[in-house]
Amino acid sequence: MNRVLTLAAYNVRILLSERTWFILAWALFGLQIAVYGSLMSKLVSTTVPNYLFFYGVGLMVITVFDSGADVGRHFVEHAHEGELPYFLSLPVSRGGFLAAQAIYGVANTMIKVLPPLIGVLWFVGDLTIQGAVFALISMFLLGLGITGIMVSMSFIAFKSVDIYSAFLAGLSALIVRFSTVFYPLIFMPSFYSPISVFSPLTYGADLTRWVLGFDPNFLLNPILAAAVVTGVAVGTLSLSARIVDKVIEGVKAA
Amino acid sequence: MSQFSRLVRIARTDFSYFFRTKWLMAVLISLSLSDMLVVGLVYGRLIPTKFAGLSYFQFLVPGIVVVGLFSAATDTGRRIWLALREGVVQYYLTLPVRTGGLVGAYIISGGLGGIVYSGALLAIAYFALSFLGTSTIPIQGIVYALALIPFLFVLATGIAGLAAFFASVSRRGEIYWVYAQALQVSMVTISTVFYPAQTIAQYLPAPVATIAEYNPLSLAAGVLRNSAFAGNPLDTSVLTNLLATSLPLAILGALAYWTILRNIRLKGKP
Amino acid sequence: MFAVETLNLSKRYGKTDALRGLNFTVNEGEIMVILGPNGSGKTTLLMILCTILKPSSGTAKVVGIDVVEEGTKVREVMGIAFQEARGFWRHKPSSILKFHASMFDIDPAKRQDLIERTMKDLELWESRDKMFMHLSGGQAKRLETAKVLIQQPKLAIFDEPTSQVDLRGKRKIWDKIRELRDQGSTVIVATNEVREAEYLADRVTILHQGQRVVCDTIPKLKDAIAGGDIVEVDFEDPVSGKLVKDLNGLGGDVSLSSEGNQLRAKVSRAEDWVPKMTSASYVAGAKIASIRITEPSLDDVFLHFTGKALAGQP
């Protein structure tokens, strides 16, 4: 256990050394809320009341998504920089190794999301501890699911980093844009809405909005959303553990 | 072989590098198309207001073309950073080309990347607007679009210059990505790509509205909307402003990259 | 006119002097091997000659052209294969070579043939469909060499051309470098590898702490080491003390084995000493059974001039 924590602490220390990233990410988050969010909320005010709140949560969900994708990229970079074989040679079980990655993922997500969450809730005048905690739990579950998906896909990178990057890029473009991150499902054209129900972000975003008290008429059924978010988290994490366990042994440092 | 033809060859090689990076192509194409065909369409349903006779979808699509130009041109910065990291810059420095020629080649290839990629997007946009936007593109709009190519090329070199500047001042690769992301978010957000100038002026402080108005991305999006899509004659004052705001960026980038090459010659490293 | 000439050439990085008033010349049409431990200034010198680096002071000329004043002209007549291969990561080897050939005005009609032949010669043809980033270290190094070979510059510079290359590949590269010299190019090779230097060098320059220690042909450098050659002589019978005394008078350091029939002599030039020794033995009536001569290695030469062994220096 000690070694798992040491490994996780090593990853987190590297993460914390990238302070510029965080500060800039928060600043850009603020800029997008203050400019894009404010102006778009004026333009859509007749169709979606309080769109700024809706958009703010969407932006946080994107941050969670990016953070999950970061964990997958981090894992792939380890492999390609030749560090993975070294980590695998350490006296830590494969499960322990994955747990260390997960701790890194959680820390990464929390650091990136917590200040924006407080900022958004304060900006829209709905800052309560209860709301913040529930929103965090919802986004945490979503983050686990995204991390699971990304790590599961990382085996592609052992064939080609290019294909992995292309796949991730394509996936993020589709998963974000076809979801309810920026707009409610009821406004999606009928030929897009069937696709959006396959995006985990749809459920994560709507669940977070629901726990924060957004008008449920614009959202999916919260029980369904909670079930899907939890299911994706548990399912993809188990899948990633199995896939990584199989793939990891044959990994070659590029 | 003249210095100029060598410059062109280097620019062409660097330009081809942009299209050889398959994952980057996948990123750009999926982002541009989904922005145009998903985000544009859905927001079109959310925003019933017309902007100077344009639906939101019609308003946004030219903006997406400009964002595509921006993304393709900023890839110059990534290529400069890679060339510095992989030592290709040192190889370039052994070629019989003047330092100024190398700098020019990078800026031109950034401009070419921007114009070729946005040209393709423009064609898709015409197609999308004709079939999905229920509007017809006037023939003079296409003529104006062709006339706009040199101006958009200058804009792309300006953006490439800005990216070159950030690549040159980034000590570590990761920092370049931070700068690149910050540049993209701030330039696109504070522009009239997504919302009209009047909306910005109405709801945000005057300095923000002024920045958005003179942002070269706003100018390019505006001229595309008015002329390339609506078929109105080209506005020379907007074109002059576009050149006036883009050229200094290209010069800034050229100077920064030139300084990097000079540093390599003097210190052995950037 | 020298193919390369430097005068009081210095390069300073911050507080470190990489080159300190280096005077160095290379004759036209020769292979000059530069030997030196890491940090001796080899790469800095090459980088100045190929105009990547500017010297802090002094002058350097390539075929009479000043590297600072007329850098572009120098680059037209010079080609370099870097120590670390540098290529466009997403281009195939042939595309990299085509670009290089076009930059140096290689006749377009002959370009394709030349590239194909060079790639085959250097065993790169099988890897022609791989992108540069997927080449092995050895393949990338061979591609680096191929660039200079197709260019056939007046001055060809190779910085450790065979590091990471297998033994077969090394021999091929060395032969191609000699071929390049035979076709009229002047060649500079910087290396740490003794076999490479011995195989290639017309002359060797030893650099140490940014200065030229010595420059000559390998045989002359070896001869310059006092007591460098070791001659071992077996006599059929034990020899007299007088003969040993006479042999010591010929120069060098002669010692007799305990059995009295084996001599070991450390001399400067074995080819001068051995005839004198045989005639003295003949006069003394001592019958020689066998003679063995051992030359000093280039490593010994290096050690002699710099006080350091050649390989593995920090």
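Lettered A, B and C in written order, each chain numbered from 1.
By our rule, a residue touches a chain if its C-beta (ideal position, glycine included) is under 8 Å from a C-beta of that chain, and two chains touch if they have at least 3 such contacts.
Just so you know, these numbers come straight off a predicted model, no measurement behind them.
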Both-way neighbours, i.e. chains that touch chain B and touch chain A: none
Most extensive contact between chains (C-beta pair count): A-B
Chain at maximum distance from chain C, centres defined as averaged CA atoms: A
Most central chain, judged by mean C-alpha position against the global CA mean: B
Distance from the mean Cα position of chain B to that of chain A, given in whole angstrom: 29
For chain B paired with chain C, centre-to-centre distance based on mean C-alpha positions, whole Å: 50
Chain A and chain C: spacing of chain centres that average the CA atoms, whole Å: 57
Of all residues in chain B, the ones touching two or more other chains: 21
Sites on chain C touched by chain B in the complex: 13, 44, 47, 50-54, 72-73, 75-76, 78-80, 82, 84, 86-91, 99, 102-105
Interfacial residue positions of chain B with respect to chain C in the complex: 1, 3, 6, 9-10, 13, 16-17, 20-21, 82, 86-88, 90-91, 93-98, 264-268
Residues on chain A engaged by chain B in the complex (per definition of touch): 18, 20-21, 24, 27-28, 31-32, 35-36, 38-40, 42-44, 46-48, 162-167, 169-170, 173-174, 177-178, 182-183, 187-189, 192
Chain B residues touching chain A - in the complex, by the definition given at the top: 21-23, 25-27, 30-31, 34-35, 38-39, 41-43, 45-49, 56, 174-175, 178, 181-182, 185-186, 189-190, 194-195, 199-200, 202-204, 208
